[in-house]
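Per-chain residue numbering starts at 1, and chain names A, B, C, D, E and F are given in the order in which the chains are listed.
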Amino acid sequence: MNWFKLASPAAFYPFAGRLIPRFGLAALVLVLIGFDWGFFLTSDQLGGSNPQKEYYRIIFVHVPAAWMSMWLYLVLAAWSAIGLVFNTRLSFMMAKAVAPTGAIFTFLALWTGALWGRPSWGTYWDWDPRLTSELLLFFLYIGYIALHSAIDDTRRADRAAALLAIVGLVMVPVIFLSINCPDPTQCASLHQRSDPGSIHLSILIPMLSMTLGFWAYSFAAVFARLRTIILTREADSAWAREVIAQEART
Amino acid sequence: MMAFFSQGGYGGYVWGAFGMTFGLLLIEILQLRASQRKTLTRLSRLLRLRAPRQTASSAGRAQGTAGTKS
Amino acid sequence: MLDVTDLACRRGERDLFSGLGFQLPARTLLHVRGRNGSGKTSLLRVLCGLLRPDAGSIRWRGENIRELAEDYHRDLLYFGHLNGLKADLTGLENLRIASTLDQAPVDEDAIIEALARIGLEGFEDLPTRMLSQGQKKRVALARLILSKAPLWILDEPFTALDVDAVEFLQQLISAQVADGGSVVLTTHQEVPLTRGAIQRLTLGETVDDLDAATPAAH
Amino acid sequence: MFRVFYCVLARDITLAMRRRTDVLTTLFFFVIVVSLFPLGVGSEREQLRLLGPGVVWVAALLASMLALERLFAADYDDGTLEQLLLTGQPLAVLVLGKVVAHWLLTGLPLVLIAPLVAMQYHLSPPAIWVMMAALAIGTPVLSLIGAIGAALTLGLRGGGILLSLLILPLYVPVLVYGAGAVSVSAIDIADTEPYLSLLSAFLLGASLLAPLAAAAALRISLE
Amino acid sequence: MLDVTDLACRRGERDLFSGLGFQLPARTLLHVRGRNGSGKTSLLRVLCGLLRPDAGSIRWRGENIRELAEDYHRDLLYFGHLNGLKADLTGLENLRIASTLDQAPVDEDAIIEALARIGLEGFEDLPTRMLSQGQKKRVALARLILSKAPLWILDEPFTALDVDAVEFLQQLISAQVADGGSVVLTTHQEVPLTRGAIQRLTLGETVDDLDAATPAAH
Amino acid sequence: MFRVFYCVLARDITLAMRRRTDVLTTLFFFVIVVSLFPLGVGSEREQLRLLGPGVVWVAALLASMLALERLFAADYDDGTLEQLLLTGQPLAVLVLGKVVAHWLLTGLPLVLIAPLVAMQYHLSPPAIWVMMAALAIGTPVLSLIGAIGAALTLGLRGGGILLSLLILPLYVPVLVYGAGAVSVSAIDIADTEPYLSLLSAFLLGASLLAPLAAAAALRISLE
């Protein structure tokens, strides 16, 4: 397959169209596996002396959503950078298509985290570093979307929002460092993170399955949004007019 | 069955989390479909409106004509 | 000196022009004409490098203006719809800052003389917010007297000026052309140039939906 | 190049001096916000001492941000920004000149008035010194980061509040370390050093990168 | 109908005019002339009641405009240097709001027709920020087509318009005068009125420091 | 007269809806300011609970004030305000229309989101209800008083910050009683009534007087 050819919106449009159902199907299957395993194969309670009750099952959506939110921001920033450097139209459209899905996953990480925190910590919200940085990531997404939609001219909107995404990316480590480690003299001791190896396999498997499912879902959603964006922006070109005429008939 | 829904008394939290997750994803899917359909109808109407004019003005697109005169 | 090939520009779903090409040698004035909304301002901003064209290239003395960047801007004087004056500064201060930033600082006396020549004697020390529409425009145009840039790009420089000022400005433009410079300007009036060559470029002549601009019988 | 920098700096300071109230108003805003808190929160001495650093920093952050909105907007509206872009000077240098002027006019006064407001919160003298040092290093970072946001939101309706949305999250590190330095100083003054050095590192990084980013943003906004 | 006696106005330490008096009957156009900075805009704003004169009185149909206040404003249409358009609203919306607030609401079709007559067919639905300088001006001028106000006060309405639009506007003004209205306008161009009477008022004729406006020999 | 009021109201809401983000940004500004405090102050639960009401009210005040700046300024810049003055309608009605639109777009969302931010400060459910009621009565007062300031500072450079200076002191009573109502509710919910009735009295007074004062201020600013 010629990957360079795919960089043109005209070629990418049908390509994305063919991929959407495949990713959608994969997402459905993986999420169902994760759900089934997590609810029926793993035990209801975990841990020894101080067992985690059933609410630990939130982990099956919480962690995948949190991972996706961070991963999608990387994708957003990467496409933005590519767009600014090489001035390719498709990369900007890609970045724009990623943002809403990323914001949704960030919100979900916060929401599910809050619902987890209530039974286990006794509060919906606390100013834990991890929670705070996720909240700021949410603000970054919202900022990107708000800036993009505040500008009428698409070209300016693309470029301005792309620059913002990159500035945000530069800042993310700094932000993360600052909230994770408000006391620079004793950073390491603050947050004990669980080692992935020590997680029980019957949790790890559904969690990973769910993560892959969300990942496939993101592909499908982003491509679907991308197709609409491409069509709107290329409405004047001959191929788009053909596509529009064709799809309007069906 | 009841045990499945009550989740040991934590059903509100567990189903709140899962419900919001799959609910939001579902809403996103529906919203994507709706916006795709809306875009298609809007664009096809636009094309139909432009169609007669398109032929007229494609012949004489804003063309610069430069002439020298002193 | 300015060499434009195959330029295209779209704004807000409308093609303003495409395949536009011309050469502007020294000692020439290019008069860009066209109805309201035909893309004159857009063309001028593209020529300045403020707006990115959708296709085509612009060369200044053989080099692409994107690559020349700041070097091109040093050779250029742009005068847009906005006057580019700080309302809180006096005419004198505005001009001094403009000339310093253009890396051609001139002394106070030269600025005062320029302001006097353009008819603002006695107004040098007023914040420009206290000037009338036409007086503001005159302050901005005093930059033309001080400028040594070989290329002037002027967007409707004659509006809001009274008859004397219009005539004075025409003489300035003629002198710039006679001295070996180039000028691109838009105006809905005629430009009687005394020396040098005039090229005319008319935008959007045949776009049909502008025909409606002819007023209905009244 | 230095001459250009200086010219822009002098221009912005002259402009501000034409309207001396502008400088004062940032200051008063800061003072008022800081003074409002005890009204809303109650005035127990011990509690105020704990709150002090955080409130002062949040107020500084808001004051700096409010003034930022006009950083480029005024020049944009009257067309002088367009002219600055066309001067044939490296834009980043011009931007740096404007940012430095902005800091001198809004950041520096905050640093100088900090002791006064700190007193309202019963901070100890060493804590006040640390606060001034932290503000002196931290507020320029705020101005620098803010310039990027100001350039991005140029000419947008409701730009002011969009600007807040974009840059407040980016201000968080400065806020955390700035307030942290002051809080820590209450325990042991020697502990503040790593905080201040981290702030200085931010300043260095921001002064190298922010003007470039802001210049790029300006070019985009003016298209 | 408009009766001005002994009007005086100072702005920023300069006397713009004093002892100014005139009567403007119906079916008449008053063309206010003068160099840049002679006080035309100031006079027009005084006539609208936006600026308070330093002396003198202005009467509309025999009553002082200060006392008439809102009643006077209903009879008045002012068109200033600024266009008075919301950049985020479309031309259609701008005009609809303007006419509702003038308590003479007109229906959509009338507005669309007015916009078409002034040459903006196809641009009705664009936010006015996306229009060119001249197109914005045209939207603002479309208010003249819709207006039923007997008194128009127009400050340099012809700038930025192309030749067709200028001609159309001249016809509109003629029609207003012929229909029994009055018009006060400033412009640096000539106004060829086809019907009705023209009065001319020249401001600042004898102020000597404006003589410097004559450009020095070049 | 009602038609005019409605026309202005509809106009401003349409304008805001053209840029839906504007509405959201006021909201997010509010949320962000509220969220910044714990970062600067530290996150002890008991302390946050005490701070909560004060912080939320100060943030509401700042958010409302920021948005106010554009209340007349946008209309002034493009000459539509001049035209509004010349419409032959009572100016106070037009002003009231604009203020109501402003509150619907900036005040109301704050009221609706208050429970969310209150949670961050661990407030109890009854306290949250009281906070919503207090915000619902208090924020219109903020918009009304703010309109006077916005009219007075119209067209002045740095008007935004001058505006803060003028109106923040006037906001103090609303702040004190608004935050007071919430704090008191933690002790006994019945105690809140006098606070809320005082706020309502403010609202009544402000809606009668503020439009007139703002209209007068507008006339002065436009001379």
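In this text, contacts are C-beta pairs under 8 Å (C-beta built on N, C-alpha and C of every residue); 3 or more make two chains touch, one makes a residue touch a chain.
Quick caveat, the model's predicted, so the values are computed rather than measured.
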item	value
Lowest number of touching-chain links that must be crossed from chain C to chain D	1
Mutual neighbours - chains that touch chain E and chain F alike	A
Target chain E, source chain B, minimum contact steps	2
Rounded Å distance, chain D centre to chain E centre (Cα mean)	45
Distance between chain centroids, defined by C-alpha means - chain B, chain D (Å)	40
Interchain centroid distance [CA atoms averaged], chain A/chain D, Å	32
Distance from chain B to chain A - Cα centre to Cα centre, in angstrom	19
Per-residue overlap in chain F, given as positions that touch at least 2 other chains	19, 21-22, 25, 28, 32, 39, 74, 157
Touching two or more other chains - residues of chain C	12, 38-39, 52, 81, 88, 209
Sites on chain F touched by chain D in the complex	19, 21-22, 25-26, 28-29, 32-33, 36-37, 39-42, 47, 50-51, 53-55, 57-58, 61-63, 66-67, 69-70, 74, 77, 156-158, 160-162, 164-165, 168-169, 172, 175-176, 179, 183
Residues of chain A touching chain D in the complex	136, 139-140, 142-143, 146-147, 150-151, 153, 155-156, 159-160, 163-164, 167-168, 170-171, 174-175, 177-179, 182-185
Touching residues on chain E, where the partner in the complex is chain C	11-12, 34-41, 81, 116-123, 126, 130-135, 137-138, 156, 159-168, 171-172, 175, 188, 209-210, 212-216, 218
Residue numbers on chain A that touch chain E, as the complex places them	152
Chain E residues touching chain A - in the complex, by the definition given at the top	127, 129-130
